[in-house]
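One chain, chain A, appears in both complexes that follow, with chain B as partner in the first and chain C in the second.
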Partner chain A sequence: MNAIIVSALLGVVMMFSGIFFKNKSIIKHIAAGCLLLLLGANLLQHYEIFIIKIDTHNLLRFEKMGIFFNTITIVATLIYVLLSGKDIENTGVHVAEYFALLFFILCGVSILTSFNGLLMLFLGIEIMSIPLYILTGTDKRNLKSNEAALKYFLMGSFSTGIMLMGITLIYGGSGNFQIGQAVVSSAAGTVPNASFLEVAGLLLLFSAMCFKVSAAPFHFWTPDVYDGAPSVFTSFMATIVKVTGFYAFIRLFENQNELLGPTWKIILSFVIIATLLVGNITAVFQQSVKRMLAYSSIAQAGFMLFGLYTSNDLSKEGLLLYSAAYCLATIGIFAVLIKMKDYTLDGFNGLAKTQPVLAFTATVCLMSLAGIPLTAGFFAKYYMLASVVKAGGSLWIVIVAVLFAAVSVYYYFRVIQAMYFKEGEAETTEITQSFKVGLVFVAILIVLIGALPSVLLNYFYF
Partner chain B sequence: MIPLLLILIPLLSGLAVFFLKDATTSKALALGSSVITLALSLMAVSSKGVLHYDASWLPGLGGRFTLMQDGMGKMLGLLTAISFPVVFAATFKNTYQKPAAFYGLMLLTQAGLLGVFLAADALLFYFFWELALIPVYFLCSIWGGEKRIAVTFKFFIYTFIGSLLMLVGILFVYAHTADHSFALQSFYNVQLTGKQQAYVFALFFIAFAIKMPIFPLHTWQPDAYEQAPTATTMILSGVMVKMGLFAVIRWVLPMVPGAVKGHALFVIILSVIGMVYASLIAIKQDDIKRLIAYSSIAHIGLMCAAIFTQNQIGLEGVMIQMFNHGINVIGLWIVADVIEQQLGTRKFSELGGLAQKAPTLAILLVVMALANVALPLTNAFVGEFLLFNGLFQYNIWIAAVAGISIILSAVYTLNMIQKIFYGNTVEKTNNAVEIDFNVQVVLSVLVVMVLVMGVYPQPMIDLTKDTVNAIFAHR
Partner chain C sequence: MSITEILFFFLSALAIVSAIMVLVSKNPVYSVLWLVAVFFAISGHYILLNAQFLAIVNMIVYAGAIMVLFLFVIMLMNLNAQSEPQKNMWMKLAGVISGGCFLMVLVSLVRQANELTNKKALTVEGNIGLIKNLGKVLFSDYVVPFEITSVLFLSAMVGAIVIGKKD
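Entry: the complex of A and B
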């Protein structure tokens, strides 16, 4: 509750700060301060201290995991603002508004981590998505950015429509906004009896959520939008927004296995394999690192879908770890990418000579994305795979997944090869000392979580 | 405490070397650190019983930081600890771009290798397995030959696929352990059905077979050995290939005995095919490095076949031969490096008559080469005798076919000596000079080890006896 209220208020504060402060860099610092405030407010809720007590009429349900997830997203946003704040300033003139929109997105995030019913899910998704449509189009003079924004908006509204249709059908079938009510109402021991409307509604809901997390075959918008949007906002979109989508997805469908029946696993494994296939294989052929990262984010989505596939305690911890690992690594690699003058692979040639710190931290991030041990990405993937093995049975899907992980090494390591082994003069924009310090901090965090994931997870269990 | 220090010293000194600027200082620090590791390793060998180290690591997952050094661990720890100072000393005069990074990565490789040989926890083992690979990837890709990037990438992808499959195997076994732990003992005690054993065997063995490498998964190896900087190649073929053999003995044999029995004939036949095949290709090579690479495949194939014969004598042979092969092959690589550094070529067709110019080198190489052929009085004779004995007890026909590779190895090794050292000097060797003092010392030390182990191998057999006995007691 705290996070929802405070983030909405701070969004308004950020909007007004644009009127009072003309100096752009002050706004960045205000944003960082506000994020710390938001973090504090969210942490208060860990200890059951509420800023305002509101009866939500059971529309929202706050759990430890959701609050912990909020913490992850807020910390990730803080790191993102500290690393790439300067680049947000350079995107356009309305700097305060950009930061305000980020806070509104965080408001959507905190609704999505606590929704209890389809109505709040819908609200959360919309609050999260609409600021994103704007952010995608912030580079007004750039045709690609405009195209991306329009595409994202049209496709996004379309999927929202599908989602609403699904919610309507479920409401028509069951008479309320809770899914899985049929399971509860049927007596123990009998087969739950879902009506046709409910099943159709769930399928539509499933498709819409797949769209939001860019799972195949609903992924077609992702490369264009990620490529067209200003890189600094792509970074935010590909990390915090994406993992929140997953959180909501899993929260929505957990404990629904009975209702959905065995067909569910078949559909899901199809989606997982298709996502891994499309993401990994297409990423191999990209020449632009930014576009490669767009496809790689689809591939990573394939791994996160395992959390949906199994829904046990391991996969929940895994999702938290995956979110943290994936956010850190992607924010790090995007922060480096933004500084590059040339986004193609050749543009990275010889970066290790010109900017050794950038090259080293980018290498750590890429290794984490590839899932090499001693980086956070390894344990993220490990938990996801372990949850499937623990659930028993489907060893084949794990083997398919690790083979695709080996494919992913190919395209991630091509960037490392360009930086370290190829000759060239990689050109970057001006790099400040504090930026380097920030990057090294991210790299250390990645290695720390990779060596001792229990540090992060113990905090979850207290 | 010794096992922990064995990993920590190369790890920390490796990280420290990265921050040095000066070439000589980094060389000296690397050499010093590796000598300390060697001293520690000798202490481990001289101590009685199994050394342990245990610390909490991942409480939620059931992974612990457990190290164990039994006879096999001591022997391979000693091999690793000997190899690095030998390699550093023999290549002391080589110059590298960014020397600090080179020596830092070499020491990190040593830490990874020692971790693999000492880990007694499956997850920790997997960590070190990968950590030994990453520095080697950078070493080969930065300082390697002309085609280094593509070749090293092939090597990396090959081994990475293998290790991911092994990870699935580890997860599968972990899910079936009684106490949900990654500890070696829990893995040994796991109860699996025949079908499950077959799955686990396949998942683990592919990873190890790629590393060894076993025919037909060997295609990465000759290219990688040829393109890697020679100091790294020495480590790759002297120590790193032992990871595969070691892992089969440590993890596969006691864990899934049923599946090992079921697949033994299949693996042995593949190994023997690889032996003969690699030997035949070695005869046709015109490059010293490629010749040694193929000869190495043949020797490893014999060891792998002997492991799967599952008799005591074969396994004792594997233990002693892992050590001997490491010593011999490093000696051969040092000679190859000396020739390349001095004359700028590795091709037999451009060499000849070197014995007239560098008699000491010729004498030392001939001893190393004869050890490669497994002539009596050299260390490899003892090992290969035990290996063939084991294979002979398993199946006489397979042993006969494998025996062809001994003859072939004499053909290509003696051919190599003849082409490089005898005949008339040619254009490139006209101005050759005697080898440097440091190389002479290193090669002499290796030659002494070859002869001593050839005459009196009993201490090495006694050292690893406890591992062999434990494996047969467990079955």
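Entry: the complex of A and C
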């Protein structure tokens, strides 16, 4: 509850800071300070100290895992603001409003980590999406940004409509917003006598959530929107918003296996394979690194969907680890990408000679995304696949996933190859010393989590 | 057949026919006007369910405000037959098939769902839709989502200003 209240209030604070401070870099520092405040408030909840005690009438349920996930997202946002804050300033004139919208998104994130019932799920998803539609279109002079914003808004509204239809069917069947309440009398060996309305509603919800996390048959908006949006905001929506979508997705479908029956696994494995296939294979053919990262985020979504496939303890730990690893690596690589003058692969040629620090940290981030050992991405992928092995029964899907991980190495390493082994003069915008320090910090964090993943996970059990 | 049932069937038929007309009208302005008819029919349903507040709000907000906005936008965009994009035959076919499958699922759902059998709508005696009860529920059981909605509207307002203001 602390995180929800404090982030909404801090959003308002950010709006007002735009009136009082004309200097843009002060606003950035205020935002970083506010994020620290939010982090503190969220940690207080961890020790069960509440700012205001509210009876939520069982509409919100706070769990340790949700609060820990909030911590991950807030820390990731803090790193994001410190690394790319300067680029947010350069996107447009309404800097304070952009930061305010980021805080509203964090409010949506903390609702989605604690929702109990479909009403709060809907509100959380909308609070998270609407600021994003706006942030996508902030680069008003750029036609591609306008197109991306309009496309994202129309498709997003359509998927929200599908989600509402699903919620309506579930509400019509059971008369409340809780899920998994309908009577399931499943004697062994028989077809469970599930409620038709609830199953149909859950399937519609499944489609809408697949859209939000850009899983395969519903992924068509992703490349255009990620490519068209200003790079700083692409970085935010590919990381924090996406992993939160997964968290909500898994929380929603955690206990629905029984209700949906054996068909559920078939649908889900179809979605996972299609997502891995589309993401990885299409990424191979991209010439623009930004577009390649958009497809790679679809491919990573395929791995995160394994958390839904099994939902046991190992997959929960895996999801937390994956969120942290994926957020860090993607924020790092985007921070480097924003500084480049040319977003194509050729634009990276010879970066190692002109900017060795940038090239090295980008390499660490790319290796983490590919899942090379000693980086965070390796253990993230390992936990996800291990959870499937632990659940047993479907080893083939693990093998397919490993094969696609091997494909992903190809396109990530093409960037590394361009940076280190090709001749060229990679042009960057001005790079400050503190930016380099920040990047090195991110790289160290990635290696640290990769070497000792238990440190992060042990904290979760405290 | 009681008067309520006659009204119910009349309003349902009106809603379905108008909704089809929204889709088949060539002129977008006619589509919007048919949509207004759909909203009126649905408001009629709300009144049958004794939910006057919802009916009035539906009429004021949707049929009134939003549809007027729609009309303005359509007139400003100046749509005509030339600017309409040509649609691929295969895309149309795919749309018809997937839409038809979805319709089939929904129809069979309504026919077979065991929650819906032996249930009757509260037409005259129900009073949950009255403003008094609605307000009580909204400010007791659902006060948390009610307050949190303000964040949603605030972010939408901020966004409208950010997008709409001249740089």
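Just so we're on the same page, the second predicted complex is superposed on the first by the 452 of 462 C-alpha atoms of A that agree within 3 Å, B and C clash if a C-alpha of one lies under 4 Å from a C-alpha of the other, contacts with A are read in each partner's own complex, and residues count from 1 in each chain.
Throughout what follows, a residue touches a chain if its C-beta (ideal position, glycine included) is under 8 Å from a C-beta of that chain, and two chains touch if they have at least 3 such contacts.
Not measured: the values here are computed from a predicted model.
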item	value
Contacts of A:Ile111 with chain B and chain C, given as first, second, both or neither	second
Touched partner set for A:Val389, first chain B, second chain C, both or neither	first
Touched partner set for A:Phe413, first chain B, second chain C, both or neither	first
Touched partner set for A:Ile399, first chain B, second chain C, both or neither	first
Touching partner for A:Ile372 - first (chain B), second (chain C), both, neither	first
Which superposed partner A:Cys210 touches (first chain B, second chain C, both, neither)	neither
Contacts of A:Phe421 with chain B and chain C, given as first, second, both or neither	first
Greater chain A contact set [chain C / chain B]	C
Chain C partner contacts - residues on chain A that touch it in the complex	4, 8, 11-12, 15, 54, 56-57, 59-60, 92-94, 97-98, 100-101, 104, 107-108, 111, 119-120, 123, 126-127, 130-131, 133-134, 137-138, 140, 169, 172-174, 182, 195-197, 200
Complex contact set, residues of chain B against chain A	57-61, 126-127, 130-131, 134, 138, 141-142, 148-149, 153, 156-157, 160-161, 164-165, 167-168, 171-172, 174-175, 199
List of chain A residues in touch with chain B within their complex	317, 367, 372-374, 382, 385-386, 389-390, 392, 395, 398-399, 402-403, 405-406, 409-410, 413, 417, 420-422, 452-454, 457-458
Partner chain A, residues of chain C touching it in the complex	105-106, 109, 112-116, 140-145, 148-149, 151-152, 154-156, 158-159, 161-163, 165, 167
